[in-house]
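The next part holds the structures, each set out as structure tokens.
Look at the two complexes coming up: subunit A is in both, with subunit B in one and subunit C in the other.
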Partner chain A sequence: MRFDTVIIGGGLAGLTAGIALQREGKSTAIISTGQNALHFFSGSFESVVEKNERMIDFFAKAGIPLHYAPGVRLMPLGSFRPSALCLEDTDIFPTAKVGSKVLIVNFMGYHDFFSTFLAEGLEKEGMQCRIRLLDLPELEPLQRSPGGMRSVQMARILDPIWEKFVQEVRLLIKDEDIVVIPQVFGLKDPSTPGLIREDLPVRAIFAGTLPPSVPGIRTQQLLGRNYERLGGTYLKGDHALRALTKDNRIIGVSTKNLDRHYLKADTFILASGSYFSKGLRSNPFEITEPVFDLDVNYSPERSDWYNPKFAADQPYMHYGVKTDENLHAIKGGTVIQNLYAIGSVMGVSHPRFGFGAGLAIRSAFHVTDQIVQESKV
Partner chain B sequence: MIKNTHTMNPNEFDVIIIGGGITGAGTQRDCAMRGLKTLLIERSDIATGATGRNHGLLHSGARYAVNDSESAEECIRENRILRKIAAHCIDETGGLFITLPEDDPEYQNTFVESCLRAGIEAEVIDPELARRWEPTVNQNLTGAVKVPDASIDPFRLCAANMLDAKLRGGQVRLHTTVTGFIKEGDTVRGVHTRNAQTGQVNDFYARIIVNAGGVWAQEIAAMAGAQISLYPAKGSLLIFAHRVNKHVINRCRKPSNADILVPGDTVCIVGTTSSRIPLDACDEVAVTPEEVNLLITEGSKLAPVLSSTRILRAYAGVRPLISTDKDDSGRNITRGFVILDHESRDGIKGLVSICGGKLTTYRLMAEKTTDLLCRKLGNEKKCMTAVSPLPGSEEGSYEKVAQKIWETPSTAQKAAAFRMGTRAFRMRSSDRWNDALVCKCEEVSVGEINGAIERMDASTLTDLRRRTRLGMGPCQGEFCACRAAGLLAASHGCIDREREDLNQFLQERWKGNFPIGWGDTLREAEYTQWVYKFVLGL
Partner chain C sequence: MKIQEYTQSKYNFEECMKCTVCTAYCPVLQVNPLFPGPKQCGPDEERLRLKDPYFFNTALKYCMNCKRCEVACPSGVNVAALIQSARIHYDHTPPKVRDRILASTDFMGKMARPVAPVVNAVTGLGITKTVLDATLKIDHRRSFPRYSGSSFTAWLKRHRKEQAAFEEQAAYFHGCYVNYNHPQLGKDLVKVLNALGVGVQLLEKEKCCGIAMIVNGMSARAARNASVNIASIRKAVDKGLKVLSTSSTCVLTLRDEYPELLGIDNDSVREDILLATRFIFERMEAGATLHFRPDYHRRIAYHVPCHLEKLGWGVFSERLLRRIPGVEFTLLDSNCCGIAGTYGFKKENYEAAQNIGAPLFDQIRSVDPEVVACDCETCKWQIEMSTGYPVMNPISILAEALE
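Let's look at the complex of A and B:
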């Protein structure tokens, strides 16, 4: 199998790169383990503060409307954080005073949504809060199963009955001008949160839950579908094993499912994420990049890897593969001209590209632009 | 029933016990069973000192048989008693003492003879049989001896003793610090205390006060003007993510570093190291990288698979060893226990200290201490703790308990019966809300968490961890901490306090994780950073 570009990693960075290249008429493949940071995506595009028209347009074409409104958003434990660019169902407000009276609705037996923390956070900002629990009979099978009441399982049941949910919430509203709802809607049908919002007599805020994140999984599904519709080869549930190298260029990459067969391409993009996604691997003595064995910047002294205070910034999270300024990867001190690194495999933050979703998308654009440019020369 | 209570004011007791470790809890239970009105004061939570920071090994005494026959005899006697009275805290694993090619082959004979002399059933078995019984044991072993070691849950044991004392009228004040003694001349009459969570200040009075402060006993005694010389010895241990062994595995040689591997519930624990540390360093002991390396290297000699098994957590405890002399020479250090009557030693009346000892012999320590208290108070009741089962252990095995409650118990229900013993009967009436799992790794349900909050004085996440095993499994409290924080917040109603509690829980978890921060542990740690800092916004 031969492609213009093979991408290792199917998270936000890898999918963005794949879609961008397919839209430019390139043939690409994405090797995806299925486990990536979108599973705990907050819905906010961290570190994007400017009105990035390119991002907004890019996601709109994939059926994911974003909204830009610099302000603050409500966190799942009741605090407010600055945010500018978000998914449609993640709200941003000019200030933390989002209303005067708030009704917080949760489901009976759901412990992954923190209504008391939210109430306290909102009360600190001068709002009055009331918490009410809904007991929908449709959720009973989940309530009876010990690990049943989790975001994704609930979303599967709740999406088709959203109108009934709205009716029940209507009955609970007294004189409130805001209602806060767990973000467990719109897994299969992305329009559900918008429909709920339109149908409620007061403003609805969807507040985050414990992972898995419903908006994150929805985003991954929409991006994946868009990538496949554009003709991309999406190798789900597979992972890259090792690379075939010749004259300091990558020739191919082998994967677990393709046995000894190599995926060949002109260029390769490493978007395999950090430790969590196994893009970086660690043992007591070293931190390595397992597919290409790229150079990783880290301290040889293990005691330097950590700050003993959990709340402090952790040095190990800043370790990642070394690149040149155009994000070509480096191995044994030498730049590999047809291999790029994007996203958090470079470390949690990057001086030019930011961190989180911002890092993933900006670095993906930076690399795909180069690949497209070079192919035109 | 309790005597003389009508004549006492609510802040007056027969006995005040300082220290909520197993010694204090055991002493309170014994006192309560003899009809004394007791108050136990603990500055933090139950079992936060050496009680909760060891292997969780119910010694057969075999380890001490060669060098310390008195301790060995005490251990085997208490071992047999605890199997009866604390069945729900004990996993009857049995133990093996293995000889490796580098060990002195003669030691096995001396070892077995010493065991038999102390009354410990030690049986030499064919190395081949040992390999069959214990497939993960070092296959190069040249000898094996079977002994009646077992695994014991110190948190559960401590909580059960305290619960029984409470059922008999005893009072417990956790998160309460003794700030000073109330003295009249040369007699100690009571204590000044301060609640660490609320800041509330209280005075309590007693006819006699027991100092069971473990490694902090020296500081406590000094506040009353009495002197104790402790020699704190730090021991570090590692918890592995899987239970690789069925039996307790020991090295058949003179006690040394990292030569015991104890299975416990879903995990196993290897340890320990031993190094003397200054008394003022006991509050914050950290495991060093060198200790981690030593524990992995030596532990892998017991079970080679450990070199590639994920480590969940590193932790350290401080043994409260004691010198009975006042000369500070340190020559007379014993692994046994001593009861110090400060009246005869220092001329200070109304204060007794109990120091040293081992988890396995806690009941005997409590019995001897309570005997002394009763002599002083003129109480003639006999000790009954050796024959009276602890709450939860009345029915024997947890399988039996689970079957009595639920006809066909689920894994989660069996786990609950294992942790709570007969107290799991309270869960029978559970509705659909109570069965939901808070902690997936250890299968801890909403009902069990609420039970620990309502009936077992749990007021923080780490309290819950000690009482229910919440967050002790492979994910080390990734999400269950947050879920349980929601339940705690609902019970005490103070969100700020709960947010701080969650921060402290995560800090405590990180403290045990970063010394072993690589591989899956580092993956989990990174995930936690993302979830709590960026997703939840703690």
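Let's look at the complex of A and C:
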């Protein structure tokens, strides 16, 4: 099967590249090995202070409104981190002192939301916190099953009754000026969190839960749907195996599901992610890139890979495939002119600051611009 | 270096990172609170089951084996296979009479064929449905597949000579549905393949692929069928033939469920078992042409069945349909229709099946196509019953559009 571009990896980087190219009239396929990091998405893209109109416009066209406001956002465990560009679910404040009194609302039996940690963090910033549990009868069927009270299942039940939820929260509010709510609203419709916010008498903050991330899944679905509506071919649950090369160019890629049926294209984009998505593989001796066997930037000394302090910046998180400045991949020291690497397989992301999402998008734009330019020559 | 080789667990279950992504994509979990979900039933409980079969949980029967968990898993865990294999190994309760009947598609077809008009008239009656519901717990709201008075194999045998005249040949695994319920689909395949210069022949022996038996506690019988089928397929492949099917579930069963769940080795023939649309697409990519009617026009919405999504081959049917001039094509969102073979026929699953399918049915109504295209016969029954829109296999659409 032939395409203009084949993209390996169906996460944020791969989907952004696919959508950008389809919008330019290119034919593309995305090979996606299972679901991706968007399912753990915090809702924040980056903390780069300059406003990126292109990203905002790009997502708006896919039905995903973003908001830009450089400042800080509340993390799921009660700390604050810098952010500038977010999904509308996520609030950004000029400083960590977001109010004076805070009501934290959780649901009875929901253990994936850390109210007490949140309260500790907010109290450190000088706010007074009160935690209240809501017991909605609609959630009772989920409470009966050990795995039932999970973000996605709850969102399916809560989305249609968000107005009732707001009424219940109104009754709980005393003299608070802020209410913190778990991110379990808006699985399908990105406007639900905004509606809740408008209907509450005080400012509402949606705080992250344990995965899967409800705003993340919704973003994945909307991007995936946009890609398919533009005519893109999204190969779900498949796995790129080997590349066919000729004269230092990639001609085709084989996949697990398609046996010996190669996906052929003029250009290829590697957006296969980091260790979790198996874009990078590690064993006690080496770190490799499994599809093209590209050069990977890592220390030959294994003891250099880790910092013994668990929470410290870990060197292995910065390892990734080598590229030239235009993000062409490098194999055996030679640049491959029709293969690009984007997103976290490049290994330059910094998980502590949540740059991964912004980096995925920016690198995708950088590469798709080149592909579009080259095809015009 | 052989690190992975020595540490790989059965169905890769040790690779589970507990990320819970599968739970977001399990259609059953969203509608049935009695089902603990793929993560718990699969990798989580497998650890316990390996210690002591006492931990086997009968709620595993709510899994409908759609395999959406496997498609969603970022770590390559065969979650659905873990669940089905646990049912095979630990659940020793004999299958109910109803489940035996539902699973015996082959036997039922043979019995019904000679008296098809009577069977069709009787199963369409309200009183029959009420009785079946009360006695066997087959839900009364379900409509039943109709039987054909003459089988596909009898028809093809009558045309054996003209089919043998083609220089190139392919073998057809027709399955129970084509043989007993809808021989027209088989005839459509013959028409399309003949137009490509390929003659169609039967396998030496063909039994039901067995998927309905596997999920209804009759895996020993399924394994017997599998041995017969693979032996026949091997003979065809040895003659240089590809073995084609028009049912995505039959293909998935022959290729993947046989080795994974029944322990039947199909290694040497697996790559030669193909969905017919893939075979046709690859022929056309290699230069073969089909001549379509210039006046053909159809507004088609295409639904990728769960098992085709697992195979990863929906793209072949999609691209073939898009290629027909005069086709207005809409790709429906990835959703399960809810029937999952025999699952939705059971009284205890009827509500869940209809709730699972609701998003798909809503989208079909809003797209309002002339026809829904789909490669699975049970999806066809479910969509036709639940939406009233006609459903056609892509092969039948190709045949209809041919000059």
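Just so it is clear, the second predicted complex is superposed on the first by the 369 of 377 C-alpha atoms of A that agree within 3 Å, B and C clash if a C-alpha of one lies under 4 Å from a C-alpha of the other, contacts with A are read in each partner's own complex, and residues count from 1 in each chain.
Note that a contact is a pair of C-beta atoms (placed from the backbone, for glycine too) under 8 Å apart; a residue touches a chain by one contact, two chains touch by 3 or more.
All values derive from a computational prediction rather than experimental measurement.
K.L.:
Could you look at A:79 and tell me whether it touches subunit B, subunit C, both or neither (first, second, both, neither)?
P.N.:
first
K.L.:
If you stack the two complexes on chain A, which partner ends up touching A:100: first (subunit B), second (subunit C), both, or neither?
P.N.:
Touch partners of A:100: none, neither subunit B nor subunit C.
K.L.:
What is the contact status of A:276 with respect to subunit B (first) and subunit C (second): first, second, both, or neither?
P.N.:
both
K.L.:
When the two structures are overlaid on chain A, which partner does A:302 contact: first (subunit B), second (subunit C), both, or neither?
P.N.:
Only subunit B; A:302 stays clear of subunit C.
K.L.:
Check the residue A:144 against both partner chains and state whether it touches subunit B (first), subunit C (second), both, or neither.
P.N.:
So A:144 meets both subunit B and subunit C here.
K.L.:
Touch check for A:211: first (subunit B), second (subunit C), both, or neither?
P.N.:
So A:211 meets both subunit B and subunit C here.
K.L.:
Identify the overlap between the subunit B-contacting and the subunit C-contacting residues of subunit A.
P.N.:
Shared contact residues on subunit A: 40, 144, 146-148, 210-211, 276, 278, 283-284.
K.L.:
Touching residues of subunit B toward subunit A in the complex: what are they?
P.N.:
Spelled out, the residues of subunit B in touch with subunit A are 286, 289, 292-293, 410, 412, 432-433, 435-438, 440, 443, 445-446, 479, 482-483, 485-487, 489-490, 495-496, 498-499, 503, 506-507, 509-511, 514, 517-519, 522-523, 525-527, 529-531, 534-538.
K.L.:
Can you check the complex and tell me which residues of subunit A touch subunit B?
P.N.:
Within the complex, subunit A touches subunit B at residues 37, 40, 42, 46, 75-79, 81, 108-109, 111-112, 114, 116-117, 119-120, 140, 143-144, 146-149, 208, 210-211, 213, 274-276, 278, 281-284, 302-303, 305-306, 308-311, 314, 316-317, 356.
K.L.:
Enumerate the contact residues on subunit C facing subunit A in the complex.
P.N.:
1, 3, 17, 19-21, 23-25, 29-30, 33-37, 39-40, 70-76, 271, 278, 281-282, 285, 309-313, 315, 318-319, 331, 333-334
K.L.:
Taking the complex as given, what residues does subunit A use to touch subunit C?
P.N.:
Touching subunit C: residues 1, 29, 33-36, 39-40, 141-142, 144-148, 150, 152-153, 156, 210-212, 217, 225, 228, 233, 235-239, 255-261, 276-278, 283-285 of subunit A.
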